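Two complexes, one shared chain (chain A), two partners (chain B, chain C).
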Partner chain A sequence: MASSASTAPAPPAGAVPPGGERAKSREISVGALARLFVAPSIITMALVALFPILYAAYLSLFEYRGRQQQGFAGLDNYVDVLTGGRFWDAVITTLIFTVASVAFEFVIGMGFALLMNQAFVGRGVTRATILIPWVIPTVISAQMWFFMLNVNPGFINNLLGLGGFNWLGSEPWALVSIILADVWKTAPFVALLLLAGLQTIPEDMYEAARVDGATAWQRFTRITLPLLKPAIFVALLFRTVDSLRIFDLPAVMTGGSNGTTTLSVLVQRFIVAEPNPGVGATLSTLTFVVVLGIGVLFVGLIGRDLVIGDPED
Partner chain B sequence: MARRFARFTAVMALALVAAACAGSSPEGSAGGGEGEGGGEGGGGGEELVFAIGGADAQPGGTHTQVVDLWNEQNPDKPVRIEVLPNEADEQRNAQALELQAQGSNFDLLGVDVIWTGEYAVNGWLASLEDVRGEVEDQVLEGPLESGLFEGELFAMPYNTNAGFLYYRTDLIDTAPTTWDEAREICGAAAEEAGISAYVGQGSQYEGMVVNYLEYLYGAGGELLSEDGSEVLLGEGDAATTALEFMRTAQAEGFYDPGFNTMTEEEARGVFQSGGAACMRNWPYAYTLMNGEEEESAVAGNYDIAPIPTFTGTEGGTAVLGGFNIGVNAFSDNVEGAKEFVVWAATNDEVQTLLGERSLPPVKASVYEELGAEDPVLGQLGEILTSDAIGVRPPVPAWSSISEDMQETIYSCYTSDSPPAEQCISDLVTAIQEDVE
Partner chain C sequence: MARIEFEDVTKRYPDGTVAVHDLNMSIADGEFVILVGPSGCGKSTALRMVAGLEEISGGKLTIGDRVVNDLTPKERDIAMVFQSYALYPHMSVADNMGFALKLAKVDKSEINNRVKQAADILGLTEYLDRKPRALSGGQRQRVAMGRAIVRQPQAFLMDEPLSNLDAKLRVQMRAEIAQIQNRLGVTTIYVTHDQVEAMTMGDRVAVLKKGELQQVDSPQTLYDNPDNVFVAGFIGSPAMNLAEGRVERVGGRLVVRAGSIALGIPDGAVDRYPRVRDYEGRGVAVGMRPEHFYRPDGSVPPDQRFTVQVGLVEALGSELLVHVNTDAPPVLTEDTRQAIDDEAAFAELERSAAGGQSFTARFDPGTPPRVNEQIEVAFRGDYLHFFDLETGAALR
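Showing the complex of A and B:
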């Protein structure tokens, strides 16, 4: 979501200069018409997406006692949250989770995608099998992993002969378990995105490379990877932003214990469980800033030309 | 993220509105009830809406049977159940959304004993002082106390709850009465049978707080002063005794290896499959493990006893749970709703029904009548009338206190640092901030 907000204004900025010169009046009227057509969806998006963000930011400026508003607090909530340890712990936990899960999902997803792109007997069945984890609702797969990893009845421990190893009740294994569950669930999604990219690469390129004597590895690094770049970027951005908001897996599998309190788990605690809507809104606003910041950074660092569009295309 | 939660809240609100509309349409015979606050306009003769959640609120569940009973006896004053979600937090959220807006769609509220303070201080509950006299001499003292806020009755007792120590009669002759004995007896039995000694609720959640409070009260400690303004947790050494017991139990393997990820059902799962010698759990587990409804490896081989203390107090210790019924202060029919809560607390048929369905009743006479044949009610009756019972203080900030306890007690008992004294003094500081 954060990505679409930052990508939307970009194309016109890049598209306007090359037009120029001739038939200026027609150009403007087309632009105005386009804006008119886009207006309803922009307004809808503003109502649905922008209003809650601004409202949360507004609420974060008030002091609450329980659910009752006590009065204007200025930036007190922000000072409290930013000087306390909980927020920063959650930021670190969330970042570790994001980096680890996205990295594994990418590598495994790439493997799956390459496999699914090959022509072989039983390809349909393989594709379907790989995609199964992704179609299971996250809460259900979280509950399933909870049962499998939990000491009792201990399916995974029995399988691996680990006895009473406490995956979910010890650090850092609780976080590892959640990363594992996330990778299991979303690697197929990454695979799907990459597969779509792979299928746009023309087969003749590989043929030509083969004729020229390129090895399989060379074909992968010289043809597949460069041409897959847009798909890779989309997959990484989606997964990064999504991982930064992770809530369901830790909520179901550990309840945020043993170093698995992510930003969203912390937000939920203050908005729903305590509740303290002022601090909750502060935390969710800060979370939004973190996610937005990382999203923008991401686009700036590796995806600028991909998002804005390659001028030569 | 803001969006995600705002969206969640919006969906909750929509669901609530939808439910309210759907609920009032069959009643409001006018038919045109699209918006326009159809329910509110109706006023007087409308049915009362009882908002309560959980499995027992589902069709065929205990609460629906209670309501059916009322409707049979009072066809002119119908009551209808509005089913809330299963999770306690979500039930509280659904009710809070309605009450915060001063809505009158719910007349009767199923209130967990720990919500009373919060609801009362927000002015969401009608005072029940004028009907207190009608129930006071029939209802048990502990449950009644759980409905009080600053001495005033705000939630009528409906069903109560107290934990037991379950133990394997094929491995253990006499139930332990102190925690030292428990460590010995359950430990020895476990070693002999090659199973775990003890299971209970050790996951980071409200249930663990109850477990901790049982240790704390069993060591003679207190959490808060009577008026809820002062934190007494740091007085004396009960709090550290309790924490250190848990810490040792975890480190030395008295607790099952999975203790710190267990809630009620995981504990029952282990005990029921014969994997533990002793278990702390609520009464509901007793009938479920008798092998009639589910497969049970321990059918006929377990019994219940009061939860031990550190000093061997007779009657053990208990921290009350259960649900009371509050009357929405913004209801159009407060008087009618009060009639229902008094009836639910004192009617023999209702209270017996609750007892038979493993929701411990609050009416004292039911325990006398059924106690002789029903071992669970017999034991419970003794526990509930002893001095041993404790409550979770009915303070408005309970959920914040509980969150702090969950965080600190959990991280302290599952590791060996910092020292117990440090844990408790940190916790006292945090709770002090909550109650101020």
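Showing the complex of A and C:
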């Protein structure tokens, strides 16, 4: 209460009942108060997320030679990047990777989730073990896949009797290998997200559907899928945005060769290997725009009612 | 529409629980049967076996003229109303009601007609486009009913459909469901633990205890002639007063003595419970319904009245419930434990067993007695009930 005196003029003593007038005299609406309370998080977010983005955008407007800034370049970097082939190749590679890995992760994850949602002996153990691929750091599992996909002696070639097949050294198999490694790692994560969603669907919903004459497939398509929509949306959005930024798997397994140069690999190349920080910053900014665009598209197409709320509410 | 027949139907859950034991019951075409009993007695299990949601471990279940033991719910053509309603949250009221018909590939216009008709009966017409979450509890309950009605199924199965409603709505829906059932004439099994619903809604009431059928009869018969102590204690509200007593012959007349209360047993009671004569000199469980007590005037013979102390008075306007302290020992069988259906209440009963128990008496409204006052109470001896203390069976 002491602070109220300092933020608002104190009413003349005894002039008005204190409870009635206090809200008005302080002149802070509920909305303003709410903004005040979320301000610290907004500011933190701005520092951590917004600043690097804006700074990269700023850097992308300069010309560099080596690591030396040469001067303002306007949109020259953008013209160079957008008219050159490397950026578009990387965009296509990234999109192929994203669509393929998210699709497989979703289908396999859904299968796992449906399985784990059934009551069976050892369900707890299954749920715990299924997460192991997700827990292993990606750099390590990437290294592991790299070894397993070795040409000779290679565990996978041995197992499948493929002899000297060169997985990581040929197109399109290098990209296929990376998609495989990503699906292996992340399908369990998708499964857990979907499982959490499945568990919010009450059992009697399925019983009602059975009594209504729904077959197992009809129960899945008409009850499970619609009621799972929020979880599916969250899983797909997370995974899509995450896949668009893929760096560690190609960096470790192929170093970006043989058609595995994704946007993030290309960015790293320009900033560290080349080096040309101006072009690197340009690519970063463009990557950000692509990710943002797809995220917005997502929310617009599938998630509108989930994010903004059903108009019927 | 169809008859439903249970023959030695048994349900044993994988963990060994026998939830329903050798159930035998025949439900006629169009009949409204209430399945009642304390919670955990196997009502839901029995109903779910009819629905096909629970596998039948033994016996034979017939719907219409098909043995349905191995049929899926879909093949049984029955509709069910769940306690939680189990409405599909992503479908409108109309889609919820028409879902089964849609799956059965019924013509769209036919579905529309039937949904409209059901909505009309239930007063849901203006809500057909809403989602369930935009409805009140009572409206949701109606949608659940509507979903069953549009099916025009062999049978309606309802599992405590009113237990999530407030008291007032419950009374209203109770009447409405009974009316709708009557109008449609669909064979109905209705599960409840509320014995007012049991007494008022159905043609017949089946009382279940620990998976075993105790008695199935019209509500009035259950009330007048309970087969055992359990049914006697379960049916009726407030519950029948049950005391451990002794049958004696005093001056050529049969008398039952419970604590210091002694009541003559008139011929009317002996006619209804003839075996009470065989219990001369032995203990019995004696039952007295609250509504058969009355305030005596001077002309009532002394062997039909006694003096007790008033413990608690509930003046309900239309009637007067008076709880009086007696020294009559309670009947402490497993049956009464089951009928009381409340651990705490039973523990209280056990604690106070030595010092007698409290009887509930229902009087016409009038000047209520004061708490702790000694009053004279009389009982209509013709309405005494007698049961064996060991088996709980009525002494008929």
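As a working rule, the second predicted complex is superposed on the first by the 282 of 313 C-alpha atoms of A that agree within 3 Å, B and C clash if a C-alpha of one lies under 4 Å from a C-alpha of the other, contacts with A are read in each partner's own complex, and residues count from 1 in each chain.
Here is the rule we go by: a contact is a pair of C-beta atoms (placed from the backbone, for glycine too) under 8 Å apart; a residue touches a chain by one contact, two chains touch by 3 or more.
Predicted, not measured: the structure shown is a model, and the values here were computed from it.
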Quick one: is A:212 in contact with chain B, with chain C, with both, or with neither? Answer first, second, both or neither.
second
Tell me which touches more residues of chain A here: chain C or chain B.
B
Looking at the overlay, what does A:204 touch: chain B (first), chain C (second), both, or neither?
second
Figure out whether A:227 sits in contact with chain B (first) or chain C (second), or with both, or with neither.
second
Common ground on chain A, meaning residues reached by chain C in one complex and by chain B in the other:
none
Partner chain B, residues of chain A touching it in the complex
1, 49, 52-53, 55-57, 66-68, 150-154, 164-166, 168-170, 245, 247, 254-258, 263-264, 267-269, 271-276, 280-281, 284-285, 287-288, 291
Which part of chain C faces chain A closely enough to touch in the complex?
51-53, 72-74, 78-80, 82, 84, 86-90, 99-100, 103-104, 130-131, 133-134, 147, 151
Chain A residues touching chain C - in the complex, by the definition given at the top
202, 204-205, 207-215, 218, 222-223, 226-227, 229, 310, 312-313
In the complex of these two chains, what residues of chain B are touching chain A?
1-7, 10, 89, 93, 96, 100, 118, 121-122, 203-205, 256-262, 266, 269-270, 273, 275, 396-397, 399-400, 403, 410-411, 414
